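Look at the two complexes coming up: chain A is in both, with chain B in one and chain C in the other.
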Partner chain A sequence: MPLSTQSQTEGDNYVLVASLDNVRNLSNILKAITFKDHAIFNATPNGLKVTVEDSKCLQANAFIQAEIFQEFTIKEDSVGFQVNLTVLLDCPTIFGGSTVPGVATALRMCYNGYGYPLTLFLEEGGVVTVCKVNTQEPEEPIDFEFCSTNVTNKVILQSESLKEAFSELDMTSEVLQITMSPSQPYFRLSTFGNSGNAHYDYPKDSDMMELFQCTKTQTRYKMSLLKPSTKALALSCKVSVRTDSRGFLSLQYLVRNDDGQICFVEYYCCPDEEVEEE
Partner chain B sequence: MKFRAKIIDVGCLNHFTRVVNTISKLTKTCILRLTPNNLYFVLSGKVASGGVGMWCELSQANFFDEYQLEGVAPDANEICLEVTPENLSRALRTSQNAKCVKIKLTKKHCPCLTLVAELPTLSSVSRVVTHDIPVDVIPRRLWHDFKEPRMPDFDVSIYLPPLKTMKNVVDRMKNLSNFLVMEANLNGEMNLKIETDLVSVTTHFKDLGNPPWGDDGSQGRSRSRDPEVMAHTRVDIRKLQQFLMGQQVNPSKAMCNIVHKRIIHLILLHEDVSLQYFIPAVA
Partner chain C sequence: MDCVVTGGNVKVLAKAIHSLSRIGDELYLEPQEDGLALRSVNSSRSAYACFLFSPLFFSRYTIPLGHAFRCKMAIKCVQAVFRSLSSLEKTVEKCHIELDGEKSRLTFTLHCKHGLLKTHNLSFQDSESLQAVFDKESCANMLRAQPRLLVDTVLHFPPSLEEVSVSVSGERVWFRNHVDDEAEQSKAMLTELCLSSDEFDHFAVGAQTSITFCLKELRGLLVFAESTGLPVSMYFDESGSPVVLSVTDSVLEVNFVLATLSDDSNLCNHNNNTKRARSPPPPDDFMTDDIDSYLIAMETSELAGPSDALAPRSPSPNHTLTTPPSVAMRRLERGEEEEEEDTEDTERPPNKKFRSLFFGSVCPSDSQLTNQTIKSQEVLASDSEDDTQASLP
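And then the complex of A and B:
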């Protein structure tokens, strides 16, 4: 079956077409949320949202606005599908994934609609690779009902400061405890592992702290759920940490891609146990 | 049976080392045929090597300054040995800066290829390093297994894309599937394809060019062929990956003959070395 890469007739049937001169502007941010095999893609005229969930307690979302793409055409208000993200991410590096400056793999991503595979056309140096990844019916992402009116604590930090802490987190601790308070220790990350307890303190007047609005709370989250967020933290330059009256955690990461454009990744996590607000 | 040879040129020594390194990456053991004019590294394409065949031919005059051979008999002036190329590779690695490297067939506790390297030192006295590489002598009655393979009656012959690009693509495809389909046509187009339940990936190479084989019998099948139609063969991806991993030097010519659904025949030509590699089809 002859396979034309920019077929006119096939082009008419696409409900979603998104193009990038540099596929890394998509693949890098998706790698930051690949802790489970399956991802829910949702495209709207605003751009692309990719969601990965774990055991109904953790949700990661990556947002890539339409403006990031060199071309972003969508024929419906909302286009959704589910794919195996691990398999999908094997494709952008098909030419070796080198980071030689000036050499980039270009991407044209096309979707014909329900029942069709997601087709990636990848091109580098005149060679074209066509990947067709099977799609499934998208599950409905959980709505964590996190809204700004219920936010009880908000902290915005430069990622640098958290990166060290997250890379050193004691993985023998089952939980990560986050303490926020208008008085000392202000913002503290704690672990309780085999070798003892560890605390990372971030004073509110530190250079790294851009915003500090806290009431007093102390909540614990399962370490296994939060550990994957380290990937998003590593890519980001800024992070906002918010908790609401239920103890739900929202981490929002500001990520700059290869071209300096801004994308967002957010993580929502349920608390491990309710702790009374003092 | 007698064999003595000497390399004194450092360029020849490096070149010979690179060839042996390539062979050692392709196979654990192989046959080394020594004839008055050439050396051959051979895999016979039997089940033992996974059906893969290899024929690497070196013109001895381009490597050795001295070369003396006395074969098993006057009418069979050649020697056939089974060797482990990695052992030869290792020995050559320690001889990198040698003033002179001698290779000879000896009998220690078993037949050996003995490599003697004279290494330069600050004083006038050289340091000598000797390696005894055990080999098996292949008796004459088995020689018919290691003859030069016939050029298969191929359906399509095509120049290969840059080996580095092929290697990158095949490496990634190996993550997704154990089998790969290689297809090509007489319009200079080649595709590498894998397909699983989850994903299908096809890499398209264009404008590769097709070698102009002469009007001999081997082009018989392809002479009247529709240039658009692809000949394809499905192979174990690891065998193709192994072939691509071993290539250290860019060849002056690299091409591939495909016998539809039967075999992939890869040919690399360097100035004084030719390498042919046969990968059989899998169902």
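And then the complex of A and C:
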């Protein structure tokens, strides 16, 4: 592979090297969390975690395990940096965006450590492009303190039915209300828009429902915060919806990449606390 | 009110709503004994559409007893219920429409695959009755064609084209784009298609004539007709009289009533058929601004006879006299006021070439008739200042 000869001069200084035969296995999943420009990258021997946050109320994480990569070498326990995700995602399409079956763009991502840019070597059909994206001091991602012991509701659904609901959600509604209950309506998404309200009900015995463990709750979330999660939903085949005792929402999406490997995307969202009555 | 639509009919209902959205911004819903009527009218009142679904269209059809229920709501809100037409067929098993009188909400519940339930509670406003008075059976000309033929014909016109002219002779029909007199002749492009009578399922032409009407509204109907595969019938008289486009089957009757331009001189210039002599204005070509006489004439003339005289094949909305006479009177008066203001303007409002052609009126009560002078059917003095005045039929 021509890429391995490129980095001879800097090769020994890399703290992180990750290679993929098909860059889309990384870029597709990152596109699902690109609702803000900046992303925090954190690499450990387990793999890569990319975090994007919005106004301290919403956090999205994409997990790409080390096994997904053709090469994943890390010289430290944890390597972290921050980059402009929009700029980063422009690079994989440098050879043109169209996808021709059988032709993939290969990626070799290298990072020298603190203060160095993130270097991307992209190769397609023998042509190599080098992109260097500036890195910044990584911010500490918020810990939403969402732990399984506090989970009050857990539902696992096949994404197909949820995709339809999310694509039809009334955008004139400021909130999305999620109702979970051991009795009717079981799992309900509600909007309150200009023309009236709308409810999407998923019964617990539906064949789309893989797991249903609920106590009775009803929480509202800002629609604007949840809307970006639709991208991750569109890529996924299964989604788990959990809420905890504080009303915090955790959405976990199981995504299969082009090669059939599994990655995860997770969204955490704070409840909308403005409206307390009704 | 409690209605249930199942299977493929849900898509038909959805398509009807999308089709109505091409006419106006508001959907008028009226459950009648002869079926559920969904209507819309455009802001200049020159286009009206009515979809009447007979009780057989539904697997359950219950209407409120006692007082008649009529409402209107923003059509966009109802369209949101039936958002993705393509997936409707595959996912929706049935649609339940229910009226919650207490909360003034109309509930649309879609029962979908995998047990998913979509409930939309839409708020509505009470409304007056919206019905056009027309009699397609007595029209001199009638064409019926498969929707594919008409779709393929209008395909040749640019999407931006506003008005289309249809001319008929004994054997042929011409479709051409209508070019304004005001438009620069050097920049105008004329497109003309000629179809022979044997391309039509039915071709009955009383007299050679030419009419011009809005293409956008025709397209709205064609989209619906094409999806259902039902033939489209076109009933019309001379220019100035409304054209009625109709799609019918055993459980459904659709009528689109569109105003036509009344402009003999303009049409003569473009008419290639030299055999067509300039015919004298037909007796009911009302060039008057007198709305009162027009309305009475509409009601009493042979062309648009009173509701009782209509003999539709399937239930016609004109039969329903659910509006108490006083309401009809109020509606009519309001309409008259609007129209009078309009007619006093010599400056035509922009883009409103078609005059208002009818109002949501049912047969006026006797008391109203006595207040008006019933004028004769002769041509009244036209407003000579404005040659291109589009007149009321």
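Throughout what follows, the second predicted complex is superposed on the first by the 268 of 278 C-alpha atoms of A that agree within 3 Å, B and C clash if a C-alpha of one lies under 4 Å from a C-alpha of the other, contacts with A are read in each partner's own complex, and residues count from 1 in each chain.
The working rule: a contact is a pair of C-beta atoms (placed from the backbone, for glycine too) under 8 Å apart; a residue touches a chain by one contact, two chains touch by 3 or more.
From a predicted model like this one, the values you see are computed outputs, not experimental measurements.
Superimposing the complexes on chain A yields a three-chain arrangement in which chain B and chain C fit side by side.
In the superposition on chain A, contact of A:131 is made with chain B only, not with chain C. In the superposition on chain A, A:197 makes contact with chain C only, while chain B stays out of contact range. When the two complexes are overlaid on their common chain A, residue A:205 makes contact with chain C while staying clear of chain B. In the superposition on chain A, no contact is made by A:45 with either chain B or chain C.
The angle formed at chain A by the C-alpha centres of chain B and chain C is 70 degrees to the nearest 10. After overlaying the two complexes on the shared chain, residue contacts for A:167 are found with chain C alone; chain B is out of touch.
Superposing the two structures on chain A brings chain B to within 12 Å of chain C, judged by their nearest Cα atoms.
Residues 161, 164-165, 168-169, 171-173, 175-176, 191, 197-206 of chain B are the ones touching chain A in the complex. Per the touch definition, chain C reaches chain A in the complex via residues 73-74, 76-77, 80, 83-84, 87, 91, 105, 114-123. Only residues 161, 164-165, 167-168, 170, 185, 194-203, 205-208 of chain A touch chain C when the two sit together in their complex. Chain A contributes residues 3, 5, 84, 87-88, 90-91, 93-96, 117, 125-134 to its touches with chain B in the complex.
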